Amino acid sequence: MSQTTIEPSATGQSEKRTRIETGADYIDSLRDRELVLYYLGERITDPVEHPVIRPSINAIAATYDLAISNPELALVTSPFTQRLINRFLHIATSQDDLAQQNKMQRKLGQLTGTCFLQRCVGMDALNALLSVTYGIDAAHSTAYHDQLNEFIRLTVMPTMCLGVTDKDFAIVGALPVETSGIAYIYGSQSCDTRSLERGDLDSGNAHYSGQEDMVIFKDVFIPRERIFMHGEVEFASLLVECFTCYHRRSYVCKSGVGDVLIGAATIIANYNGVSKVSHIREKPVEMTHLNETIYSTGIASSHQSRPTQSGCYLNDDMIANVCKHHVTRTHLWNLSPRPGPCRRTHW
Amino acid sequence: MSQTTIEPSATGQSEKRTRIETGADYIDSLRDRELVLYYLGERITDPVEHPVIRPSINAIAATYDLAISNPELALVTSPFTQRLINRFLHIATSQDDLAQQNKMQRKLGQLTGTCFLQRCVGMDALNALLSVTYGIDAAHSTAYHDQLNEFIRLTVMPTMCLGVTDKDFAIVGALPVETSGIAYIYGSQSCDTRSLERGDLDSGNAHYSGQEDMVIFKDVFIPRERIFMHGEVEFASLLVECFTCYHRRSYVCKSGVGDVLIGAATIIANYNGVSKVSHIREKPVEMTHLNETIYSTGIASSHQSRPTQSGCYLNDDMIANVCKHHVTRTHLWNLSPRPGPCRRTHW
Amino acid sequence: MSQTTIEPSATGQSEKRTRIETGADYIDSLRDRELVLYYLGERITDPVEHPVIRPSINAIAATYDLAISNPELALVTSPFTQRLINRFLHIATSQDDLAQQNKMQRKLGQLTGTCFLQRCVGMDALNALLSVTYGIDAAHSTAYHDQLNEFIRLTVMPTMCLGVTDKDFAIVGALPVETSGIAYIYGSQSCDTRSLERGDLDSGNAHYSGQEDMVIFKDVFIPRERIFMHGEVEFASLLVECFTCYHRRSYVCKSGVGDVLIGAATIIANYNGVSKVSHIREKPVEMTHLNETIYSTGIASSHQSRPTQSGCYLNDDMIANVCKHHVTRTHLWNLSPRPGPCRRTHW
Amino acid sequence: MSQTTIEPSATGQSEKRTRIETGADYIDSLRDRELVLYYLGERITDPVEHPVIRPSINAIAATYDLAISNPELALVTSPFTQRLINRFLHIATSQDDLAQQNKMQRKLGQLTGTCFLQRCVGMDALNALLSVTYGIDAAHSTAYHDQLNEFIRLTVMPTMCLGVTDKDFAIVGALPVETSGIAYIYGSQSCDTRSLERGDLDSGNAHYSGQEDMVIFKDVFIPRERIFMHGEVEFASLLVECFTCYHRRSYVCKSGVGDVLIGAATIIANYNGVSKVSHIREKPVEMTHLNETIYSTGIASSHQSRPTQSGCYLNDDMIANVCKHHVTRTHLWNLSPRPGPCRRTHW
C-alpha cells in the first residue's frame, strides 16, 4: 500500500555510525544492523555476505565509488550547505542539474549493468517531496518543507491516488531503517537462486544486481518532526505524479545497462563468427537505436524542465512518460537483471 | 554435434517391456531404467519422482492419454500395418495427415501449456528420415529405407550441413535409450529450481514442462541393421532441411500454449478489475492475432504439401519458415515453459 | 448506405448481348451501354476508351482471359448446371473450392498487379446471399433462395447492421446495370490523373487498375422475382458478416499483388546496385514474410470451412479477420493501386 | 549530382531588391524574376500565381511572418553584426542556439502543416559550410571561410562522398538564383494536380506545401570570391556528413506537422462519433508517442552539441541519425505534404 524508499546514506542516521565516503564504507555500514530480514521464508542474519543479496549491495556501493572516480559527474555543491555532496542527494535547481542526473545514471548503468534502484528512487522522491511539501505548507500552514530539509532516512510515502476515506494512509515520514517494528522481505527475482548453485557459468551478472523488498510496519513510531504529510490526501496523487515525473526520466539508467547488453551481444556474435551476417549485425543497430532514444527522451525531458514554486526544477512530464514507454520496449532484448541461461535449441 | 530424438514409445524396445497405452503406462515404463542421468551436476537415480523432471514426463504422458480421450485426433490407421497407431508415429501420406498433426499439436499445447518437444521431434524426424533414406538408397543402393521401416527408438542424426571432412559425423542410427555408454545431462531451464523451493506460489506451470538433454556417447555400439546413414555426407543437409521443414510447421503446438496464455492473461485482467480498460483489452486481441497466424501458417503449409518420391508428404517449406518466424514473435509475451515470478514494481 | 456489387458477366443480362468468353468479349460488351457515368464532375460517354477508366476494365477482362489460359484454376463444373463456369460465379461446396478461389485470386493479383475488386465482391456476395436467403426462407417462408439461384446482375445489398427503423433499407435485389434511374459516379483514386498527363514515366501500373463507383438510385424498379430480401432487417447484419467472412479471406489476391511489388522492389535494388546491401536485402524478405502470411491465413481460413445449411461452404471467420488484418499491414509497403511518383530526396 | 540550396532571403542578392521583412515582402520579391522554370513539361512564367507552386511559396513566407509574430523564437542577435537576424540565417554558437532552432522548426511545422525545406536546408548548409570551410582553409591555406561569411545566395554543393576522379564535382559556390544558364524543373508530388481540378474537397493542405526542384546548370559563371570549395575532394564527404548531422536533427519540424496530423485525426474521430472507441483512441496516443520521440531526439542531439574549431556548434551525430530514423516511421501515418483522397472502402 505504501512505497518505501530506503536511503541509508544520509548523514546522522545514528550517532555511532561514521561518515560514508567509499563503497567499502557503505558496505561496512550495513553490518551488524540487526534488521529483521527474510528471504525465501528464512531469516537472514548477515545480508552483506549472502550470495543472493550481496550483488545488490555492491550496486549501491558503486554509487559511492563513482563520486570518487568521477567527481565532476557524481558530486555537486549543495545550494543549502555549500558543501560537496553526492548528486543522488542533491535538489535539482536547473535544467542542467536534471540533465547531469541522466548522465550519471547512464554511467552507473554502464558500470554495474543492473538497477541501483534504491538510489534513483531516493533522489527522485527527495525532489518530489520538496516540491509537494512546499505545496502542503502553503495550503495548510504546516512546516513539512523545513522539516524535510533537515534529513532523509528511510522514507515512507503513498504510491497511489488516495480518496477521502484513505486519509490514514496519506502519510509521509522518515525513520532509521533499523527502527523497531519494521520487517523486510527480500523479493525474489527471476533466476536469483543461480548464485546458490554449484559453478558460476549460469550466475549471469555475478557482481551486481538490483533488489526490492516488501517492508512491513507493525507499531512503528515516527516522531512528528520527521513527518512530511499527515492526512492531506489531496496531495497524495500529486506526490505520486511528481515522483513518477522525475522517475520515468530516471530510467535513462537503462541506456547504461543497454550499453553493456549491446556490447555483450556484439561480443557473443564475434565469438560465434557471425558478426558480419546481416541479420545479426542489424540487431545491435536496432538495440542502439532504442537505447539512444531512451537516453534522448530522458535528456530532452530534463532539458524542458521548469522551476516549481519551491525552486526545485521539475522535468517535462509528457516526455518523461515517453521515455518510460521506450524503456518497456527493451524487454524485446530480454533485459532482466540477472537473466538465466537458455539452452533451448530451436530448429 | 548431433541431434538426438528420444522416442521411447516405440514398440519392441525391450522384450521385457509391456505395451504402452496410457500416460500412466508410459510413466511406469520409465522406472528402473538405470539411465546415466545428471542434473545440476548430480546423478539422478529416479527421474520419475524428481520434482524438476517429473513435469516434463507428465507432458509426454499427455500425448498417450490424448489417444484415449480424442482418438479421432490422435489415433490413425497405419498404412503399413493397418493397425491403429498414435499419430506421433504415423507417416504422413496426404495433405490431411499433415493438417491433422497440426490440430493434434494445438490440442496438446492447450492441455499441457508447454512443450512436448520430444514427440514432435520424433514424428518429424521419422517422416524426414523416410524421405531421405529413400533418396540415399536410390543414390547408393543401400537399404536404409527398409531398415528404418522396422522400428524407431532413440535416433541419432546430424543437425547441420556437413562437408566431406565431416564424413564420420554423417551417421543416423537408432538404439535403446539405456544402451551402455550413453549419458544424459538434463538441461536446466529458466527458474526450473522454483519447484525445489518451499511453497507453490512461484512454481508456475507446476504439472507440465518441457525438457532437453545433452546426450553424450562414449563407445556406443549400434548394429548395422539399425543404421540409416553412414558417411553419405551429401544427404546430411538435406535431412536437416527436410526435418526443419516438418518441424517449423510443427510449432503450431505453440498456438495451443498461446490459447492457455491468452486465457490466463484475460483472467488476470479480470481479477484485477481492468478487463475493460482499452489498452489492457487490446493485449489478448493482439496475442490472438499472432496466435491464429501461427496456427494458420502451419495449416497452410500442411495444406500445400506435396508427395515425395517415398510417398511421404512434405509440407511447404517457405510457409513453414514463415510459421516459425511468427512463433519467435511470441517472446513478446514472455512465453517460456515455466516463467518465474516478476515482482518488480515499475513506476 | 448500400453496397453495390456489379457483376456484369452474368449470362442473360439482355437478350441482345452475346455470350462473353474472352476478355475482349467483355470489353466489347461494355460499349454503347449508355450508362449515366460521371468522373471528376463530367459525364463520361465512352468509359471503355477513357484513359483513367480503361485500366480498371482491363483488370476485369483478365479474369475472363484466365479462364482460357488456366482453365484448371479458373473454370469449374457447376453443381447446378453441370456446365463449366468461371470460378467467380461458382458456389463453394467444399473446403477445396474455397482454397482454389484463393489460388485463383493470387494468380490474378500476379497478372494484374492491382485489385479486380468487382469480381471478388460478386463471388463473395453470391455465396453470402445463398446462405442468408436460405435462412430467410426458413424463417419467413419466402422464396428468395430459389429466385437467387436463377441469375445475378448488379446486386444491391445492405452494408451494415440495421435496426427496426431501418426496415426500408433492408433490401437485396438484382437488376441490369443500365436500368433507368441509376447513375454512377466514378471514384477518384490517388494520382489517377497521372494517366491524363503528358509522358508515361509517372503512370505507374498503366495497363491495370481498380475502380469503385458511388451508385445513385432514383426511382429504380426491381421486379419482385429479383428481390432476395425485403424488410427482414434481422438478417441484414448476418448478410454483412457472412459476406465479410468470405471477403476478408478473398484478400489473398493481395499476395499476388505483393508478388509483383516484391519483384519490382528487388529489380529496383538490382538496378541501383544495392541488392546485396544488408538493410536493402532484408526488405523483400520482410515483405515476403508478410505476403506469405496473408496467403497462409487465407488458405487456412478456407481449409477450416464448414458447410452451412444451404450446402454452401463458409470459411473460418476468425482467421478471415486475421487475414484482413495482415493485409492492412501492407500499407507499410505503400501498396496503392497506382502509386504516384515520389521524388523527394531525404538526407 | 549536386545538392542545391536555394536561400533567396539573403540580403544583397541584387541592388534592385528591397529588404525582405514580412512574408508578403518575400512573395513580392519573387515576382518578375524571369527564372527559367518548368513544371509538367511547360514553362512557368509566373510561379507566384501558379496554383500548384504558390502553396510552397506561402510556406517560406511563413518563416518571415514568424519573425514578426514570435520574435523571441525566430529572431536572434548575430554575433557577427550585432544586429537582429532571422534564426534561419544564424550561426549556432551554443547548445541553446541549436535547441532553439528545434523549437522554431516545430512551431513552423504546426503553423504550416508541411515542409518548409528550403529554409532548414539553407540554415543547416550554412552552419555546415562554416565548419568545413574552416577546415579547408586550415589544410589548404585557402580563404573560403572569410568569403563565406560575406553572403549566401543559391548555394551549390556536393551531396555524396567523392573520389579523386570526381575532383571536378568538388565545388561549392553561391550565386543569384536568376543567374544566366540556370534552369529549374519543379518536381511533381503525389496528388499535386488536385489543385488544378474543380472543387476544393480534395485539395488537402491547400494553403501550404513543400517544393523541390531539379536545377540544371549550363555554362554558369560563379566569381572566385563566391567559391567555397574547389577540388578539395577529401572535404566533400565531410561536408555531407556535417550537413546531414545538422539536418537529420532539423527533422524536428515534422513533430510540428505531427501536431497538426494528430489534431486532425482526433477531430475526424470526433466527427465520426468514434473518439471513445478504444482502438481509435489508441492511434493518436501512439502518434503522440512517436511525435514526442522525434522532438526529444532532436532536442537531445542539440543539447549534446559541442563547439567545432570554427566556433560553430555541431550537434550529436548519433542521436541526429536516431531522430531521422524515427521520422521515417511517421510514414505509418501516411504523412505526405498534401495527401490525396482515399475513398476506397475496405470491408
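Think of it as A, B, C and D in the order they're written, each chain with its own count starting at 1.
Rule of thumb we're sticking to: contacts are C-beta pairs under 8 Å (C-beta built on N, C-alpha and C of every residue); 3 or more make two chains touch, one makes a residue touch a chain.
All figures in this text were calculated on a predicted structure; none of them were measured in a lab.
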Given chain A and chain C, the chains that contact each of them: B, D
Chain D and chain B - chains in contact with each: A, C
Longest centre-to-centre distance from chain A, chain (CA-based): C
Distance between chain centroids, defined by C-alpha means - chain C, chain D (Å): 43
Interface hub residues of chain A, defined as touching at least two other chains: none
Complex interface listing, chain A residues touching chain C: 278-279, 281-282
Complex contacts: residues of chain C adjacent to chain B: 99, 288-289, 292-293, 295-297, 299-301, 303-304, 318-319, 322-323, 325-326
Residue numbers on chain A that touch chain B, as the complex places them: 3, 40-41, 159, 187-191, 193, 197-199, 202, 210, 212, 243-244, 247-248, 324, 328, 331-332, 334, 340-347
